[in-house]
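Sending over a structure as structure tokens; questions will come in a sec.
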Amino acid sequence: MPVAKPIEYEDANAEVRAVYDDIMKTRGSDWINNFWKYLAHDPKTLRRTWESVKEVMAPGALDPLVKELVYVAVSVTNNCEYCIHSHIAGARAKGMSDSMLGELLAVVGMANETNRLANGWQVPVDEAFKVK
Amino acid sequence: MPVAKPIEYEDANAEVRAVYDDIMKTRGSDWINNFWKYLAHDPKTLRRTWESVKEVMAPGALDPLVKELVYVAVSVTNNCEYCIHSHIAGARAKGMSDSMLGELLAVVGMANETNRLANGWQVPVDEAFKVK
Amino acid sequence: MPVAKPIEYEDANAEVRAVYDDIMKTRGSDWINNFWKYLAHDPKTLRRTWESVKEVMAPGALDPLVKELVYVAVSVTNNCEYCIHSHIAGARAKGMSDSMLGELLAVVGMANETNRLANGWQVPVDEAFKVK
Amino acid sequence: MPVAKPIEYEDANAEVRAVYDDIMKTRGSDWINNFWKYLAHDPKTLRRTWESVKEVMAPGALDPLVKELVYVAVSVTNNCEYCIHSHIAGARAKGMSDSMLGELLAVVGMANETNRLANGWQVPVDEAFKVK
Amino acid sequence: MPVAKPIEYEDANAEVRAVYDDIMKTRGSDWINNFWKYLAHDPKTLRRTWESVKEVMAPGALDPLVKELVYVAVSVTNNCEYCIHSHIAGARAKGMSDSMLGELLAVVGMANETNRLANGWQVPVDEAFKVK
Amino acid sequence: MPVAKPIEYEDANAEVRAVYDDIMKTRGSDWINNFWKYLAHDPKTLRRTWESVKEVMAPGALDPLVKELVYVAVSVTNNCEYCIHSHIAGARAKGMSDSMLGELLAVVGMANETNRLANGWQVPVDEAFKVK
């Protein structure tokens, strides 16, 4: 359960509405998901986070679907329930199929396993991997 | 520093050598990286982990480079030094450019940030994201 | 959902009641929050944890509100739902305003992000930061 | 060991130098710590992260020392070696004494312990803590 | 809430049914817990994970109850709600008493605390602990 | 590298020496490992942590070796280098063989993997696992 109430568009001040408007315009959507309605309690963090996410998730050297898959991978590793749901939805909207989700979770699981095997033995980095 | 000594090919038993041989053959390589030389202290885990990694990282619905990027994302989130180095090397070998690495780390950082913003406000999952 | 039933005052043994009494007396309160009612299944851990929390959270070089803010920061990083709720309540009782909560979560988010940027590049510690 | 080489001022392009200049000017300092010299491989992330950190860590409802203590708490929880060193240095520069550091780490340790006790028993949130 | 629907035996394909059959046969049970019904969306991961768990959790140098206690310890540290419930149930089935659970959680809590105290001071490994 | 210097016996005050003496007496040993020499910067935390560890790790419903194995499992999951080394040494001193270590790390790796598979699918807890 949340630690505050969401701030709906009609109750938002001008600063918050400006961000909400930009979110909807950028996404070609007519609604705002809950994440932003809670961040709105701290308008500077709302604005900064939205501007950062918009910049980071834009097409670049990596395509937006790959970026969403990475977002899901991190969220699953950290077990952020909200983020798992919202970014799986985002990835599906960008073309993630059911088989891609299955393989993604398999890689995330395996990486979490081998991370601990490497931790446990405290495996030293190979010379071949070091930056010269 | 490691909690045991690595098991080199010449000191390995037949079970371990069979895995080492398959690793080198599968990769078209003539060396074994340290991770496997420590797992070799537990030959069943060596074999099972290698078979699992081989299956999980093979081309499928996701291509091998995307899988390596996801591996790096998890390893960075967990701060596994060995895994960060070995999977960045693996991703570079599969085509990751410097710009791709920069963007990947930017996404990983942002996801770790918004995971905590969602945790902190305990944002409830939107109805729109729920599986019907 | 919990993995056991809470132990209420009327069902508690003398050892547990003594801790419950001290909690209420120390806080000037007439109720016990759930955390202690589950720890009561292991009376030694109940007593030890209460004594430790009482000592650690007492006024000292850091004031109690700052200590609660730090507690919230850790709980948000680990995503402990119970702890987020109970320590946000504790921080509010000690004077945390809504703006302070907003800024606190912003710092926690940012720290989680830059932790991963530092991990990802494996940034070496500057000479200037080393203890001489 | 790092996964790339640091980008020094004399080798940086104009975009990176502009950020380096602002860091030094803002801090009234004549050097740049390593974190930024690695982020410089991705100039957009360098600029965005610096702008974000500058905004988040500025005086506000929480004072800058408290924000640094929170940064240390998160970095210790995540075990980010670089961040522990750089933010302990930052906190000392803002007035953290040795006793404050000792108490801070005691709170961080205790919070990590009770987070797991709450997780283990899966303690349900008390009605009194819920937002009405 | 789950991100997909569970795959029940009657709706499962032959590959998935073969795993379900082996789970029930191995456990001498007539039902399948939810974990496997979601993994079934990715039949290769279902099969591989089941084979791995069966191998890892079998009696060996460590007895099965100790292995379940370790599984609970990891799941509590990571706060995986499903895993905490299923492995506490598994440990109880193998003989874990209420006092053993209480002590287990006490150790897990203490380890999470001292891990952060060691992180915070960045305590160097003693010569006596190093592998010669 | 550490964030402070260790406090050796000869430089310690009476409060710290009393704890050092009890550690050596309890263990039948003539040296103190580094962990305590750093905690000594905060004598109250030194004393409280030592008293807590002594109580938690004493023989009880779980035997001391099992407790050390659980400590290693948590430390590996969190990747606390110091703790991995010191508690593997502690476990060996209490009878952990090389095969036991291999199996322990295999269980820790597997638990970290399945924790994320359960997170990723957000698997709901089975009715059968719920406390009635």
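Lettered A, B, C, D, E and F in written order, each chain numbered from 1.
Following the convention adopted for this analysis, contacts are C-beta pairs under 8 Å (C-beta built on N, C-alpha and C of every residue); 3 or more make two chains touch, one makes a residue touch a chain.
This is a predicted model, so every value here is computed, not measured.
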Identity of the chain that, by mean CA position, is farthest from chain C: B
Contact-richer chain pair [B-F vs A-F]: A-F
Whole-Å gap between the CA centroids of chain C and chain D: 20
Euclidean distance of C-alpha centroids - chain A vs chain E, Å: 27
Sequence positions of chain A contacting 2 or more other chains: 1-4, 41, 44-45, 49, 52, 56, 77-81, 84-85, 88, 99, 102-106, 108-110, 112-115, 117, 119-122, 125, 130
In the complex with chain F, residue positions of chain C that touch it: 1-5, 44-45, 48, 52, 55-56, 125, 130-131
In the complex with chain F, residue positions of chain D that touch it: 79, 84-85, 88, 98-99, 101-103, 105-106, 109
Chain E residues within the chain D interface of the complex: 72, 76-77, 79, 81, 84-85, 104-106, 108-110, 112-117, 119-122
Chain E residues touching chain A - in the complex, by the definition given at the top: 1, 3-4, 41-42, 44-45, 49, 78-80
Sites on chain B touched by chain A in the complex: 1-4, 31, 33-35, 38-39, 41, 45, 49, 52-53, 56-57, 60-62, 66-67, 69-71, 73-75, 77-78, 80-83, 85-89, 97, 99-100, 102-104, 106-108, 110-115, 117-126, 128-130
